[in-house]
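The following blocks contain the structures, represented as structure tokens.
There are two complexes below, and they share subunit A, which is joined by subunit B in the first and by subunit C in the second.
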Partner chain A sequence: MLPKKARIIALTASFSVIFAGCWDSLDINNRDICTAVIADQERGAYSFYAEIANVTAKVQQGGQNGGQGGGGDQGPATYIARGHGESFAETRLSIDNNINKQIFLGAVQALIITENMAKKGILQYAYRIRQSLDYRKTMDVLVTSDRPDNFFSVKPENSSTVGFAINYTLRSLERSGKTFHMSLDDLLQKLASKNPSYLLSSVSVKNGQIMLSGYSVFDGDKDIGFIPYEKAKGTIFLMLGGGGKSKFDYPVMDGEESVTFEVSLKSMKIKADYSMGKVSFTLDMKFTARLLYPSNAVRITSEKLDKIREKLKKQLESEISEALFLSRAYYKCDYFSMSEAFRIAHPGAYKKMIWKDEFVKASFSTNIKVDLKKNYSIDYNPGKEWPY
Partner chain B sequence: MREDFSPVIEELIAKLKSEKFDMLVRCVPFLGGKTYICYIGQLVDRQSISEHVIKPLVDISLQKVRGIDAEFAVDHMFYVDECHIGDDLNLVKGFLLNGQTVVFFSSDSRYVIVNRKKVENRTVSPPELMYSYRAPRDSFVEDMDTNLSLLRYRIKDDNIRIIKKDVGSRTKTSVAVVYLNDIANQSVVKEVLNKIDGIKVSGVFESGELQGFLSDGKTSLFPKMGIIERSDMAVEKLLEGKVLLLVSGSNLVIQAPIVFAEFVYSCDDRYDNKFFGLFMRLIRYTAIIVSLTITSLYIAVSAFHPDVLPAYYTITFAQMRSRAPVSSFIAVLSLEFILELVREALLRVPVKIGSAIAIVGAIIIGQAATASGIFSPLLLILVSIGFLSTFVIPDFMLSNVLRIVKFLIIIMTGIFGFYGFSIAITFILSVLVSANSFGVPYFAPWAPFNLYDAVRTFIFSRGFSPERQKYMRNQDKMRSPGKKGGQP
Partner chain C sequence: MQDIVTNRQLFFLIFISTVTASIMDISKTIALSAGRGAWVTIALSSVVYAAAAAIIIGVNKTLDGKTVFDPGNKPAGKIAVFFVSLFYLSFFFTLSVYYCNSFILVVKTNFLPNTPIWSDLLASTTLLGYIAYKGITNAGRLAEIVTPLFLAVASIIFLLMFFEGHINYILPLYDASERLSYLTAMKDTIVPFIGFAILTVVPIKAKSQRKYSAVIFTLVFIGLFYIADVYGCYAMKGFDEIIFENYPLIDAIRLVQLPAVEFLQRLDVLYMTVGFMRVLVGKAVIYLSIVEIVCKMFAKANRLLIVVLTGAAIYSASLLAGQGQIKPLMVKILSIESIAAAFIIQPLILLILKVKKHASKKS
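Let's look at the complex of A and B:
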């Protein structure tokens, strides 16, 4: 009989061998690395499209051609595995039958859900993804109204794969304060919350390139609407909040002349009130507008400045109000998470009410201030300082 | 007065001659007696014997002087600084084998032992193992007296203690235990001396062998004693309360006790700007971690957990391995084995052939292996970085151990992935924190933690380090004179 210590060590070692043995190992080059997944649902059947990186093709480029990447037929950088079935499990099985190596999902950059599927509900699919440890929870979850095959016909300029191309585009916009990020983890959290309303980025193919087309509005697990990107500045300001995280260029017209500003939201305070059984919010928003350039050698006087500031303020007010209106009245879902501000201010009342019902009746008032900043590197008006 | 030797001495000389260990006997008669001058030709300075022992004897015999005995010879005849009288005939053989000359007198039952020992030595030369661009260039040689003189030339402290012992029943190798009596921890000194006394072996030829006998755990992989080649460094260690062991015939001095952090220390750290010293130590610590883990991490990432890489690198990683015919584990093992072969081959061949081996190794590994796709280019880069990192560690005793430990981590990672990697690292750390060197915790000052010492493990200058390392438990804890009652 072994002594107690030896038995414990032997037991631990045996468990190690059983659960973490070398038979779990599979070299990365022996796996099919998936970079993007598109999930579609049409006429009651599901389809998965997986973009698989062709690692051998890359080696031919770099290895045999001296790393210059030119010459010879190197084959495509990716190939598409398709799977169809009546259920998710069947569809996955079908896709596994189409590839010759074990699929590696840890490199998936974009999980794209078609509008068809999103309108019918993504809960089951979200649950399916949640139980899988293979996906990175930081990957983007997106919606598209395009056909899946359209994506894979694109030759992205900024990457060799569609998945990375989408990721790079979104990250680039996000870093410059022009969109917000909604990851798989965020989506799962939203779905598990009491008020599951949220926006998912929507991508589409235009002129042979993949671009952010807007945001799909989700109430619960269903896609109920769409906000085009061109009209989403107010929404993005509200989603990203203060701290200068969001930045947009605003050309302000003054007659035939225009002055362009870089506008960022410096601070945003949401005050939630509850009186007479009515919910109201006051949003104090301070914007900073940095003068970038005028349309011509315009002389900016203090009167002109006040006029421009007022115009810019009105433009911002209009965009913010429109964004709030869309959320409250048009889509009737609180994707700006106003419920959080209200819950913190009035926890007792929040507990008793059905937030969704109260939210659509809520009133919003905005208090917007714009602080104009001079671009010190350029003197637009020699001989006279600005601001005066 | 006897004209002939007593039968006992005659018998002894006859017996020693019959044992054929090449003893030479020169007989010089004098009035009323004769002398026997016995020595081993290879061990003594024969010219000095002729000039300072035989010549005075011959001169005095010509002067017809009577009554020459041992005492007269020592007092009035031998021009030798080290000679004394002995009377125990049983010790004669030992003296002769130790390179001493024994002079018998027919008129005296006692004899004279003359020290005219001569050992062929090389001159003091620059260090080969502990290279430094700033430190003095005199290093220890194989002669113990020269080594002791190098020490005493640098330290003029009357507290220095040199205790000499003979080790080896046949070799009788001289071992000198050197320490500063008012600084060194006496329990360490005592333990060292006891251990030396306890060595039962026929012979010791090099300090490394003695180190093996003195180390605590006979199966311990990590060295519990350090080696020193430079005399300046040895003196510095004495001042830090270490005990030095000089072995006759070895050019490397052993120091005890030692902690892990000291293997990362180079004398340049002290002679140069302290911030540069900090920078270099950070580089060396990083090198230790890199040399131990870099190839194991490659296995763990490529074969078990590619998820830990950023997604884009996963593809690049796979591309680089796409033509590799073997698993990353086998590839790492093979490449590490090849590098060990090259390293060993370079050590064992003459320098001129060594460069050829290096070229062949570089071509085989660098060119052919990548061109054929057997090894991933990334793996080659990582193995080379790991290989280079082992050379950054100043003490080769530690880097040798790390070479072995690296294989343990590789095998564990190859079997169990990150799980095995963690087990191997935990095992190594637990071995390090539970070990001790002559009572001093081996992983001090990290475990047990001491902030004062830990900071000085990275950045050291005597200006802001008035106290000696606390983990050494020295008698005199102050390094700088005049501060907190410390002695100069």
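Let's look at the complex of A and C:
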């Protein structure tokens, strides 16, 4: 019989053998870390493009290891693994056949679906990702109208990999209140809901850089349209809602002069009504416009401010109405999730109705208020009290 | 009477052995049966189970430092006690296998898909056996260390879930047209709450102070904890998607992000580290309950031998259960056993004890 201490040591050792022998253990050096995936569908065949970061080698310029595009001076080298096939399974097998290590998808920063594939439907692909333990469900799901190869030929300024470059660009826009986040989990939630309408950010390559070009409109799992970023302010306000999460600079013209404001949506209340079998919404939106700078040296007076406030209010009203019109009348799908406000107010009625049919018939009214705020660091009319 | 636990230990023991497995999937179960008004179902259930727990305390207090499993005790003769013990033995054994099976499935499907079940089970059962061998007082002390740590981590994560999730996903909190389903859904809370049955093996002295309020508080607290769990998952995952996930809590935690704290980017790893400690202690308490009952049934048997044999039985049954999709069947069996264990046998014993006490006073 072994002495007590030896028995404890033997027991502990057997535990470490059991635990260290996890059949799932695999050294990170023996895995290919994927940072971005592009999925394409053309002429009935699928293609996957995976950006692989090679953490064990650093390059001075460009890509290596048989790949294209990729690494900068400081970051890891990257190469692109490509796979083609008649089905997703076949396409993935083709990728696995092209790389020499097991692929690790937990670091994927952006999952980009080409417009070709998005127009045909993304449900099967979404379900494929849902069951995977590897993918992080917080990653961005994006759409592009560009060719997949265009992405991997760019040399991003803000990162050494395309996946991280897209992530940094979107996070930066999000933090400054200029876009909203749509993750894989948000997408799955939308697909499971009674109102499967949503917007996915669309990215493209312009002047050698990756940028947010707008939003792709999805009805169910199909891409049915596009809202250019330049015309999406109203959409972004409605998507981000109140709480000052969205912020845009608005130059307001007054004759030859203009005054620029930073406009944010302070609060948004959606009231859903249901009477005589008709759905109606009232949106109470309170904007805060903080004075930034005038176009010339004139002093800002209260009369001028009143005039500007009215103009700004009209501009905002027009943008919000246009955004609502696009959703309800043009695309005929509720990507602003008005269904949520209605469901909360009238759960019984919501259960019985086909939301899409009711939404297109719904009426909207908006009450917009603009509260002008001064810039506390600058006095635009010395000697006079605000609002001058 | 050395094996008596303090009120604080009692709280931790009940809490940890109750939330062991159900914390992972209660949001899915209750979403399917009670929807967004789940809080009504859970709140009502916690009150009902608090009453059942109070009855067990009443029985144990009447037996003054003994349990119903002690042979030749007051409520009935040796044979009756033997059959009661046999029933509770079967009940705790099913509960133990259910907990082991649930835990192994969580590990297998979410963390270690290639690691065989026998290895995970072997590692955990050996540890559980050691805790069970040390007795209820030591288990209580362990629960006292692990539970506050787990509660702190879980509270932070639930708070973040509400902060980062969508409040619209959890509204409306009450739908009058669903009133009936709130009540019928209570049947789905039997297994999530039944861990309090470990009270049957905890001896309590007649003069013990505030044991009733301690167990009632514990069960109400568990109810609140489940409500935070369910609504946190609803807020993160969305009500429509949650029903497609078998372990919504894990998936919801994986969505929680703390970008400001660089070293805490993976909150699921933090939660799982503390959560697995809790699961082990919870399972150990049920294992311990089986050991205590067998020790009382076979007073002359060696405790170590009982611990080893119990471990071997749990290990084999869990291994078998892990081979097939028998979780729904186990839930059904466990639900029936739980109703008998908490709502039929204990009130009956209390009634017999009260009648006997009354009769002896008269005579």
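Basically, the second predicted complex is superposed on the first by the 347 of 388 C-alpha atoms of A that agree within 3 Å, B and C clash if a C-alpha of one lies under 4 Å from a C-alpha of the other, contacts with A are read in each partner's own complex, and residues count from 1 in each chain.
One rule holds in what follows: contacts are C-beta pairs under 8 Å (C-beta built on N, C-alpha and C of every residue); 3 or more make two chains touch, one makes a residue touch a chain.
Quick caveat, the model's predicted, so the values are computed rather than measured.
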item	value
Partner chain in contact with A:Arg136 - subunit B first, subunit C second, else both or neither	both
First (subunit B), second (subunit C), both or neither touched by A:Ile33	first
Which superposed partner A:Ala107 touches (first subunit B, second subunit C, both, neither)	first
Touched partner set for A:Glu340, first subunit B, second subunit C, both or neither	second
First, second, both or neither for A:Gly348, with subunit B first and subunit C second	second
First, second, both or neither for A:Val55, with subunit B first and subunit C second	first
Which superposed partner A:Gln189 touches (first subunit B, second subunit C, both, neither)	second
Doubly contacted residues of subunit A, that is, touched by subunit B and again by subunit C	21-22, 24, 136
Contacting residues of subunit C [partner subunit A, same complex]	110-116, 119, 122-123, 126, 168, 171-172, 175, 177, 237-238, 240-241, 244, 251, 254-255, 257
Subunit B partner contacts - residues on subunit A that touch it in the complex	16-17, 20-22, 24-29, 31, 33, 35, 53, 55-56, 58-59, 62-63, 104, 106-109, 134, 136, 161, 164, 167
Footprint of subunit C on subunit A - complex, ascending	11, 15, 18-19, 21-24, 130, 133, 136-138, 183, 185, 188-189, 192-194, 337, 340-341, 343-344, 347-348
Subunit B residues touching subunit A - in the complex, by the definition given at the top	301-304, 306-307, 311-312, 314-315, 317-324, 327-329, 373, 414-417, 419-420, 423
